[in-house]
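Pasting a structure below so you can have a look.
So that you can tell them apart, the chains are marked A, B, C and D in the order they are listed, and the count of residues begins at 1 in each.
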Amino acid sequence: MSRLFHNIREECGVFGIYGHAEAANHAYLGLYALQHRGQEGAGICSSDGNSLYLEKAMGHVSEVFSEKRLKRLPGMAAIGHNRYSTAGGSHLKNVQPLMVNFSLGSLAIAHNGNLTNAFALKTQLEKEGAIFQSNSDSEVIVHLIAHSREETAQDKIIDAVNQIKGAFSLLILREKELYAVRDPHGVRPLSIGLLGDAFVAASETCALDLIGATYIRDVEPGEMVRICDNGIDSIKINPAKKKAHCVFEFIYFSRPDSNIFGGVNVHTVRKELGRQLALESYQDADVVIPVPDSGVPATLGYANESGIPLDFGLVRNHYIGRTFIEPKQSIRHFGVKIKLNPVRQILQGKRVVVVDDSIVRGTTSKKIIKMIRETGQAKEIHMRISSPSTIGPCFYGIDTPTRGELIASTHMTDEIRKFITADSLAYLSMEGLRSVIPNPDDYCYACFTKHYPITFPQEEQYSQLELSFV
Amino acid sequence: MSRLFHNIREECGVFGIYGHAEAANHAYLGLYALQHRGQEGAGICSSDGNSLYLEKAMGHVSEVFSEKRLKRLPGMAAIGHNRYSTAGGSHLKNVQPLMVNFSLGSLAIAHNGNLTNAFALKTQLEKEGAIFQSNSDSEVIVHLIAHSREETAQDKIIDAVNQIKGAFSLLILREKELYAVRDPHGVRPLSIGLLGDAFVAASETCALDLIGATYIRDVEPGEMVRICDNGIDSIKINPAKKKAHCVFEFIYFSRPDSNIFGGVNVHTVRKELGRQLALESYQDADVVIPVPDSGVPATLGYANESGIPLDFGLVRNHYIGRTFIEPKQSIRHFGVKIKLNPVRQILQGKRVVVVDDSIVRGTTSKKIIKMIRETGQAKEIHMRISSPSTIGPCFYGIDTPTRGELIASTHMTDEIRKFITADSLAYLSMEGLRSVIPNPDDYCYACFTKHYPITFPQEEQYSQLELSFV
Amino acid sequence: MSRLFHNIREECGVFGIYGHAEAANHAYLGLYALQHRGQEGAGICSSDGNSLYLEKAMGHVSEVFSEKRLKRLPGMAAIGHNRYSTAGGSHLKNVQPLMVNFSLGSLAIAHNGNLTNAFALKTQLEKEGAIFQSNSDSEVIVHLIAHSREETAQDKIIDAVNQIKGAFSLLILREKELYAVRDPHGVRPLSIGLLGDAFVAASETCALDLIGATYIRDVEPGEMVRICDNGIDSIKINPAKKKAHCVFEFIYFSRPDSNIFGGVNVHTVRKELGRQLALESYQDADVVIPVPDSGVPATLGYANESGIPLDFGLVRNHYIGRTFIEPKQSIRHFGVKIKLNPVRQILQGKRVVVVDDSIVRGTTSKKIIKMIRETGQAKEIHMRISSPSTIGPCFYGIDTPTRGELIASTHMTDEIRKFITADSLAYLSMEGLRSVIPNPDDYCYACFTKHYPITFPQEEQYSQLELSFV
Amino acid sequence: MSRLFHNIREECGVFGIYGHAEAANHAYLGLYALQHRGQEGAGICSSDGNSLYLEKAMGHVSEVFSEKRLKRLPGMAAIGHNRYSTAGGSHLKNVQPLMVNFSLGSLAIAHNGNLTNAFALKTQLEKEGAIFQSNSDSEVIVHLIAHSREETAQDKIIDAVNQIKGAFSLLILREKELYAVRDPHGVRPLSIGLLGDAFVAASETCALDLIGATYIRDVEPGEMVRICDNGIDSIKINPAKKKAHCVFEFIYFSRPDSNIFGGVNVHTVRKELGRQLALESYQDADVVIPVPDSGVPATLGYANESGIPLDFGLVRNHYIGRTFIEPKQSIRHFGVKIKLNPVRQILQGKRVVVVDDSIVRGTTSKKIIKMIRETGQAKEIHMRISSPSTIGPCFYGIDTPTRGELIASTHMTDEIRKFITADSLAYLSMEGLRSVIPNPDDYCYACFTKHYPITFPQEEQYSQLELSFV
């Protein structure tokens, strides 16, 4: 599933920096590098040691922040957040960081992930008089902190974190300190870097690269890191649990130049997935082409292993605006054509292997294959997917469709092949996937297996969750 | 020179349609497909048979046009224009189409190319009382039409076209007719297609593909095509001259999925340029990587011919906004890093061939090589360019730097190699270039040879031209 | 002090309607009529019986609401609010209505007045875990409701209202009911009207007039009126206290066409204040002129009583924009001139009486007199003020300057006369004021007497109040 | 006809300054003072001695110009223009100053008035190849200058001015000089002032007052004044013709604090018109009230002469936005109520004289009288108009309705009285009007008499004029 087609949306990127004279500017750059993790809105909260300052808005990072706006964010510390894009219920109030005043001063949070017990916590907090401003599950964390009976701010934060369940890579900024917290399973990535004397925390290492920071280590699952003028402390707040890193970060989410989950390079993994795919599902053909852009590394691996020549049979339009006006009269395959155009000269009369990273609903794959067939008059079209079939929705921070919409949750592979009109279709096997991923037992594969490593309320409750928080 | 680094800017795309109920909507889509030819501003002028309607603004096509705005463009005919982006003197008044009222009604023009005698014509017209509204050379055409002593509108247009020199692919809309005109040398592309009963004209065929139109033929050099309710006519208005198609359209400008200058596919030519480059300048290495995105096809050709594995060692940030705030404190190679990030795992300890389509000033190549060397610790870095060295500025519609800024116009290849700190540097030879291009005598190679096929006023006058019109 | 010079700013207007098919449109009109009570921002919250809908923004009512925006406010009930304009700390989050979700659903409030115990209540609520979103004292009311231990929404509201002290004319909207509440002293006005079957509540009757509603009665001090589908109920929630209507509503705030505090016409009172002023401080002169516009009715009374001819010696510029650029080079009396221009022909060589409603800092009066003297070459200039001298700041909802800035709190009348360079200066006496106002014991005169009828925390605390809430 | 009801719209104000370091800032202030002459759009063109700089936009002066925008207007000379507001065909391109480049450099013009031979001149110019950018008659002047066969710029301007007919108070800015020109009849006002060493030209003296400039004299009818670094010159370019100052400037257009047509104060004239009206049409009554604001001075004169007490029975809403949303359900007299509210206490049971400056269509007067009668239960309502009945449209720069819409052009006074439902109606007599105006033979009274002092093409042609230029 190319990033061009937004059936799966990534959930948020976070960035924090402490101890740098250009804190807000670097947060801006960090968010810029993490833009692929969320395009709905962006925000930065900075601290000058006495007060917090917040600027946020709907839109891409480069649209949200002007030079003037960044100047309204003084101080040596800052956290930032990119929010993913949704169709309907998106509002400024859901854009993070969330900043609040409470009895001990101010705090701001930036959260990547999804809480599985947010609904129950919210109901309880409202009974105690809490007034919620947004639909974001992240706001629950803020109210837990404010309502905590602990004395100090740090103890209130620990108290709150101990109550939440699910996936969270979390940055919390106070006037004189920055906390970076990761859930006990380590579902989402969160890395720490050093830029001169300043400490940096970021969802992916590509953000460290852009600002020239050096990667040190990840925030460990269940760890709370506290950064202040005295340096960096590690506070283990949760007992160790079985690791459950999100394997989809490798398959689709993270940028190929990032190294995640202990420094593993994403591009390299993707290329290996393609190589493994060729080993498992070789298909004699004249050319192998990627669905740009996320299918490119796997296609390279596939081509290398199979010996079939790689070419770029689908050309991407690089200027896709966010609002696009469709013609009233039907143009065939319009929704795909606006993003991709097949190159007849590459495809004409050929046996073509098309490599993509995943299939979600199947409708896009169907359009792509039809377009290749019509325009390119390809002789055969074989679809190869560099991950197993996606059968379970994610409850840990990936905005997949509900189960009913996942074509593979209700259809056999050959039915899907017929639906997308391919001459053949093959997914990567689970074993193949695990053989490529280092330390494969440390990962969550729930979207491929429906074995959910983190418990959550009964089925009927997470349908409510979907209503409340998506 | 990747399109990511704007030293060379493409000059405009044009699109016209006649006889379609959704004329303006299709013009919008056509401009969308041609967005790479100009990002400064966009406009559409439509006709409902009685009046012309104009909407234009600064910005990308998808920003300029909302559904509401497109509804203000009624009628069955429309022309549109994308204008390229410049730093300083860009103004709405320079955005096309230019629409005017004159003694015989209204007309609008959309022009791709550059006139070489615009300055002299403008001076003469002003002496006769003409008041110019813009700095665009295209406005000269409009005044020539209005000032013509001929009786009919068509004769006035022919009279005007006979006076202009240089490069022009021109669309002219009147209340009940659409003209498509190309200069006698055929410098810029201009193709004709059919969509149901409607005729379409577009700078490149990728615009025909998007709306589902079928390519028929190019507007011939020196030809004026007239489209009206009675169908299509061809009027030869200029004696045949030696063809001088712009070879840079193949090397850099046009989209790879377009077929130009008589139906030649751009991607295929680029791949062949890379293959020829490998034949001429093979370099033993561990990996060959492109400068994304325009270097990709040539890299593929180079890899195929040389047998060196292709990989993607530079990852592009897909979310580059138009305004970007630089940090005050220097970040090394910042200007390049914001667009590209090297992947250490691909480059580390390797002998790397980097393929790009051209070198203009050399500063970007220098930054890219330094960044690869530092981050990736590559052992050797060899630069390969899929075109000859660029030594002459273009006066026919490409916004190249002045001669002084073209590094190859004042430096030998080995000096350039030292400047960009490459271990080796090789350009494609002129013979190699000509061997790949079909009908090589029909092309203008002035940027590589300084042999300008179209005469223009003396040197001092075109410096004035640069002042007036750029 | 003319409304042209913003030393005193009115504090907010509220409007509510229940049971009308065009509820939001009528709220818009009501706010429009009450625009003089607040220009910083405006908002409307509507209910369709199931959900609340909120739209608010900075700016005048006619700027905030477009037809499109009003259409986003469905339902038969709505409340609206105009917020007064402040220089620095004005933010969208302070614009009302405040709308929140709490354990029993949604509610929205619109508040005119100022709470005297807001600081203490806020501190207590934050200790209990409340997170405040704004600096507005009105938000305290919302948290008191959410934190109340009572069972039903109505009991929670009563519980909250019983805890707040100070001035409040308050509208509260829930899904199926509208509450109108007034503090036990009745400081700010709040009237009820009928429009067909719909009930209307508004700060002033001019809002009833505009929509064609009939005035019924005021909400009584200490009364809570509940309007729902079953009609209207009165709930006495506070024991009766001594009335303390704000006399400044007559002198300056309310519109002259409004009837307030039991139906007394404002224009008529102002004219009588001028007449009484002439009785007390007659001055032989050639002409009596008002400071437009708020000085006009008193000037008419003064002219009628004194027999001195009225004329308009100061002409107002009707197009004062909100942002105005001052010239760098000094223009004499610029700040006044931009709003008023003296008419030489009326003033030349004359003995002039100038009537204004009040003097706050004295600087504007000084500039006006100097301007009249220079431009008009008036022989004598006598200043007459249609209220007693203003010596105490207001803590019940009028944004007067602090005591130190009130010229009359630290200077004798003759010192003020010298400062403003008038030939004579006279204020209306307290007895004169009381003789004009019907039921004079029912009013608060604290700004003239410093006898504050509503208790509040010690002096040092209300300086904190000023910091927190202004 | 109060300015609140836009049936008659004033046509433009102009302002120029030469030799002042803050030229653009003062032009901004000047336009601000002249805002009542046009609210559709505003613009300023400045010169730094070498180049002209232009900024203009739709909207009020204070909206169009920010501090940033004014800084883009460098230099010691500037001209500005306020354009009147129209409903439909208003476009930015019609906003002035018009600035153009022609064979001798740049020039900008700002024009108040209307040309009577614009259509014929435009047709001729288009035949010669001129391309018009706007529908403004003012653009004709620019093309006449550019097309002139004279050698120097000044001679070209004189040549152009000699060809135009009608009303024009005209400012022309070139790089190093400013021209102020007035038509031979002196229809519109144009005064000259001195501010330090700088010369100022303005439509009305209120603009001189605001910036502290001293009034010197008017530009004479048929005179061209040239201001440059060497000082001021007078060039008589037109033979003297009979003066025809617009009497409506006194009745309605100009600000009351301005002195026009040789220094006559507008407020004083208006008061005298009211006094004369009382002499001619005394009516026994209890109160006399103005229609605010333009009816106020005449009402004062009427009250003084008649001895009937003046009061303000109609209160104006000072916050009328430009876009106002009407309720779908009819509110009685809504269009009037949104601007005016009657004060029952002043009107109840009274015999009321209502004074207004003119009646155009009669519909507003009708609504006002009905509203007074219903709300105020006035016993009798007598309408008095401080000018003769308006029977002829203006072709010299006032945007009156066409003749058919002027109620007095087709109805007798008693018919109008019945239509507006007044108990009596009286206009000022022509003799009365002439008796108040100094040098009454020097004025145009065409709107009252249909004797048009300036010839123009036949009737059918000025209907074309209305189509083309309004």
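Heads up, the rule we're going with is that a contact is a pair of C-beta atoms (placed from the backbone, for glycine too) under 8 Å apart; a residue touches a chain by one contact, two chains touch by 3 or more.
Since we're looking at a predicted model, the values are computed, not measured.
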| item | value |
| --- | --- |
| Set of chains whose contacts include both subunit D and subunit B | none |
| Separation of mean Cα positions, subunit B and subunit A [Å, integer] | 36 |
| Averaged-CA centre spacing for the pair subunit D and subunit A, given as whole angstrom | 63 |
| Residues of subunit C touching at least two other chains | none |
| Chain contact topology (line, ring, star, complete or other) | ring |
| Chains that touch, pairwise | A-B, A-C, B-D, C-D |
| List of subunit A residues in touch with subunit B within their complex | 3, 21-22, 25-26, 28-29, 32-33, 35-36, 39, 60-63, 65-67, 70, 206, 209-212, 255-257, 265, 267-268, 271, 293, 296-297, 300, 304, 309-312, 315, 317-325, 327-329, 331-332, 337-338, 341-346, 375 |
| Residue numbers on subunit D that touch subunit B, as the complex places them | 100-103, 126-133, 142-143, 146-148 |
